[in-house]
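Some structures are shown below for you to check.
What follows is a pair of complexes built around chain A, which joins chain B in one and chain C in the other.
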Partner chain A sequence: MIPRAVKTDSPGFGHRHSERRRRRSTAALAGVVLTLLILPLGVLALFSVTRAYFYPQLAPDDWNLRAWRLLLHPGSEVWGAMATTVFVGLAVVAVALVLAVPAGRALGRHSFRAKRLVEFLLLAPLLAPPLVVAMGLDFAFLRLQLTNRLWGVVLVHLVPTVPYAVLVMSGVFANYDQASEDQARTLGAGRLDAFRYVTLPAIAPGLVVAGVLVLIVSWSQYILTLLIGGGQVVTLPILLFATSSGGDTALTSALALITIAPVLALLLLTSRHVSRMPAAQIGLP
Partner chain B sequence: MFAASRSGLDQVAEPSRVWIRLLPALMVVVPVFVVAVALALAQSLGLLPLVGDSRLSLDAYRNLFSGGELWRSLAFTSYLSLGSTALALGLGVVIALAFRHLFSGSRFGAFMLQLNLPVPHLVGALAMVLLLGQSGLLARVAGSVGLIDGPAAFPALIFDPGGLAIIAEYVWKEVPFFALIALAALGSVADDFEGVAATLGAGRWRRFRHVTLPLLAPVLLPAAVVVFAFTFGTFEVPLLLGGSFPEAMPVLAYRKFTNIDLAARPEALAIGIVMLAIITLAALIYLRLGRRFAGRQ
Partner chain C sequence: MLVAVACSPISGDGDAADPADWDGVVSNSRGQQLNLFMWGGSSEINRFVDNVYGPRLEAEFGIHLNRIPVADTVDAVNKVLSEIQAGRRRGGAVDLIWINGENFQTLRQADALLADWSRRLPNARFVDWDAPEVGLDFGLPVAGFESPLGSAQFQFVYDSARFGPEELPRSYAGLLQWVEMHPGRFTYPAPPDFHGNRFIKQAFYELTGGFERWLGGFDSAGYAESSPALWDYLQELEPHLWRKGTSYPPSLAELNRLFANGEIDFTFTQLPAGIEADVAAGILPATSRPFVFDTGTIGDSHYLAIPANAAHPEAAMVMANLVLEPELQAAKLAPANGWGDGLGISLSLLDDDSRRRIEAVLDDLGELALEPALLESVRLPEVAAEYTVALERDWQQYVRR
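Here is the complex of A and B:
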């Protein structure tokens, strides 16, 4: 019996030709898949620049920028919501990274007793529905009168974000070469200097990825912010939901795009780092 | 000293250092999470009511499980979650297998797959209304080519008991998630292993079954658990795209939670606890499966 591989690997004009055709059809299929993936964003873009765009119109008659003008007007609510979202996001990123760097180092480089338990405790919040966490904590905010809603939102955003940061950083430290840091210490560098000049530059790309992921997760939160923010903390998703119940399709679509624009731009800027990370660690459901 | 540093000072570091590094994260995440779950459990058991006396009882659970509402909601949510997880997993793997040579070299491909990563489900759901609604873009395309004669003739994909738009939104969002994970797992080794298997005479199916699948399963199974848990607990998507009958569990819980009748609150939290129990069960099944899988290897 002739092994199949011999048959398929035999070089020849016919083979090369079919190989090229196969490659071309794969590329076409990839094009279709990628189009489907960005189609919903395209739909939002289309609806955002129209007025009175109803069934059965396929192409809109009336193109206009009313929704964009309204939303990007200097007096619009969008700016306040954007500032709140950025503030919450950056605070969450800062705290999450400060917590995740040492924890990731411990989990990535050491084996110790109760390691599985610690991993479970740090990763379990990843699986808990934000609604359930929010409903549980709502009591604390109502009855114990934890009044500062903004910091409350920052605190609860840590629940779904810190697990991701720890996951990324433990992956980074698992592949981290300890030798240079040890050499710096041997040469007399203090703990802080060794961290500042040796460790930090080495883990910087990982920090960028963890930070981007944490920001994206915080940026996307709706129900946690709604219940814990008690209506006082208006982030972009909160404003978007309120706008969508107003029924103005163009306005909602434009605001949806404004909501994702900053994080999309950030991903674009950091994609060099993000695509280099093992994808198993960069997934966000 | 030098010998110790070569083997990695950290590896032999005293246990106290390890715990000092873990403590900050544990001290923030665990209390907030544990307090949230404990408060949810306590309130579901009739403790800590907003008004009235605190009384330990299983009334909320008894009411829920004796009525049909919870069971219908549970069945509907499980169907949405299992259906979209399976569909997204299958499509993600197919895409990764079909395109791995195309994408493995190109950052552009990987970037395109990451493009909807920062898109919140809320935004995805709003886009699905415009795309899949009865007067949405898809219906207009169907109308313009003469497939339907009016919006009413277009199948109800949103607000319908079949929850098809909900599944579409989840699949749209999760397919790249699975595809990226599968692509990373296949990496560059899959080709070598498969080549060896082919030279040894293994056919397409046997190569997939004995080479590719064992590479994928260990990373895709936990990813599937994460997606199951996520789709099971997401609130915005079934709220925007689902009908009022049957209601997804998070929507039902939220409706009871915000009911003017504060007596409904324990039931809302009991639904939350049931959701946590089901997700925990899924994670436990995965851990069992994982152990058996590891045992076979």
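Here is the complex of A and C:
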């Protein structure tokens, strides 16, 4: 790749060279990252269409779509699991964002006593081992009759997702200019209108980032879904774990790809928003 | 109105279900959703349950079968136990579990299973309850708490492209010599994996002079005195194992993968009708063949049990009864249908038609299965579940270290 333009303020060849070198190394790095991301998916794709592909065969001699046919036929349990995973994910995103906007605003804009403590408590569920959290919550949820239900699963997914959402939103609000909102109020906008026409557009990219993050975390939950859902709320990871314990490589690979695909598509669609947000603004180091 | 509410199947009143009043059970079960928790690792078995039992339950009884896949049966057991611990005495999530062995013992000890139903099912007449391999689950009397689904027997699997049958070890003593000649070519799943447990328990039988003395209750003094012979044996085996025994595969799925990729020479199976389904699914190479030791391999039954707090015990009973239909037992036995599971019923208790139908399936088994008579002749019984627990624990201490 040859850089097409060189900055006009470049003081000479030396700089131009280093610029080119930097771009080259960026391209190389991107290549490595892409390879590391795509290569495992390629392996999964290969395994999903072969049968009895064993060492030391160089190439598989039996190509077929058995696994895909099994998983994608109209009566397959994959469809129900996909619908459940999407529903749970969207519900979790909605609730997490509703909680994260005021919480993020409070943490990002105001300083108050014990703020550090509140921040720590918010992150606590992420620091404790998930299984420990899950076992304790299972007992509490049983008592409250929240197990084996979709809403119980939505509720329990808030535990590992809300901290991320709040973290992102507090970063957004830390860089948010309160003045424009005040201006709108001065010009006669009500609280709701000010939020709708001024605040919301300003924080929208942050909301997208937080939403995507929450959806990905919810999408990949296994142990919380298994315990609280009691096996009756069957999401894609639940199917995937049960399938992988059986050792049918083709089936497991195809199901893994089906599980990853929607998240990957979402990431590609929203990558514009995610990459536009400076790291500092989304509260990451 | 009150009566309607009281009789509603959703109330999950376990006491109301009495198999003696079978018509009552069947009519109460109509419209229920049956939550069947079972190990979900085999797509062939899953499909059999969904495509054979599911439509029959729906069409004949109006029961909706909801098969819930778990990665390990113990997940379902823990579910029941935590529900009961949290005080949910009825309306539980689990209606029926595919179960045996220590999981059965755990639920029995917690008094968490519905009692006195299985022997009173209409199709219980096909079950030989007095046969120890049916009436005893790991030495514990089934006694109305479980109804058989099928039977299994441990077998080794080798690749006929690599060895002839005359080169195979035929006892644990022979296996030790074999691994010394073929270093790194054998391993077994680490207990508490079911197959790993079974592998070391069979060694325990052989090295302590046979299973007979371990029948009956747990003999802790005898175990303490005799078990060191097993640990000596397994320690002697270890340096010759795959990766010199520094790690053991965690599951049969992993053992199968190592075998199929030619890293080791033997894997295991539990299916009396052989490995045809695994070959068809591409899990095992087509040249794989089962074999057994002359010193015997363990055979046992697996069952369906209903938790005491099940929300839909009637539907659970209907299914436990349905799977004993001779015609469905024959279908389950036929590897072409994807399973190849052993019978849960006894041929001698069937009418001629049903018996012939099953014998036709048995006669039709190819070289991917062993002769039923051979399996029968080397079959060893299970013993009390306490031995499994002790062996699991001591294996961690003396072999895994």
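Points worth noting:
The definition used in the following text is that the second predicted complex is superposed on the first by the 233 of 285 C-alpha atoms of A that agree within 3 Å, B and C clash if a C-alpha of one lies under 4 Å from a C-alpha of the other, contacts with A are read in each partner's own complex, and residues count from 1 in each chain.
Simple rule for what comes next: a residue touches a chain if its C-beta (ideal position, glycine included) is under 8 Å from a C-beta of that chain, and two chains touch if they have at least 3 such contacts.
Just so it is clear, the structure is predicted and the values come from calculations on it, not from any experiment.
Contact with neither chain B nor chain C is seen for A:209 once the two complexes are overlaid on the shared chain. Which of chain B and chain C touches more residues of chain A is settled by the count: it is B. Of the two partner chains placed around the shared chain by superposition, chain B and chain C are both touched by A:142. In the superposed model, A:56 lies in contact with both chain B and chain C. When the two structures are aligned on the shared chain, A:130 is found in touch with chain B, with no touch to chain C. In the superposed pair of complexes, A:246 makes contact with chain C only, with no contact to chain B.
By the touch criterion defined above, A:183 lies against chain B but remains apart from chain C after alignment on the C-alpha atoms of chain A. Contacts of A:98 after superposition on the shared chain: chain B is touched, whereas chain C is not.
Legend: residue contacts after superposition of the two complexes on their common chain; A:260 is shown touching chain B, with no touch to chain C. Under the contact criterion defined above, the residues of chain A that touch both chain B in one complex and chain C in the other are 54-56, 138-139, 142-143, 241, 244, 249. Of all the residues in chain A, the ones that touch chain C in their complex are 50-56, 62, 66, 70, 77, 138-139, 142-143, 145, 147-148, 226, 230-232, 234, 238-239, 241-251.
Taken in their complex, chain A has these residues touching chain B: 1, 3-5, 8, 23, 26-27, 29-30, 33-34, 36-41, 43-44, 46-47, 54-58, 95, 98-100, 102-103, 105-107, 109-110, 112-113, 118, 121-122, 124-140, 142-143, 155-156, 158-159, 162-163, 166, 178-179, 182-183, 185-186, 216, 219-220, 222-223, 237, 240-241, 244, 249, 252-253, 256, 259-260, 263-264, 266-267, 271-272, 274-275, 278-280, 282-285. Chain B meets chain A in the complex at residues 1-2, 5-6, 8-11, 13, 15, 18-22, 24-26, 28-30, 32-33, 35-41, 43, 48, 50, 95, 98-99, 101-103, 107, 109-124, 126-128, 130-131, 135, 137, 139-141, 143-144, 151, 172-177, 180-181, 183-185, 195, 198-201, 203, 219, 223, 225-227, 229-236, 240, 250, 253-254, 257, 268-269, 272-273, 275-276, 279-280, 283. Against chain A, the residues of chain C that register as touching in their complex are 35, 37, 39-43, 47, 50, 66, 68-72, 75-76, 79, 82-83, 85-88, 93-94, 251-254, 256-257, 260-263, 281-286.
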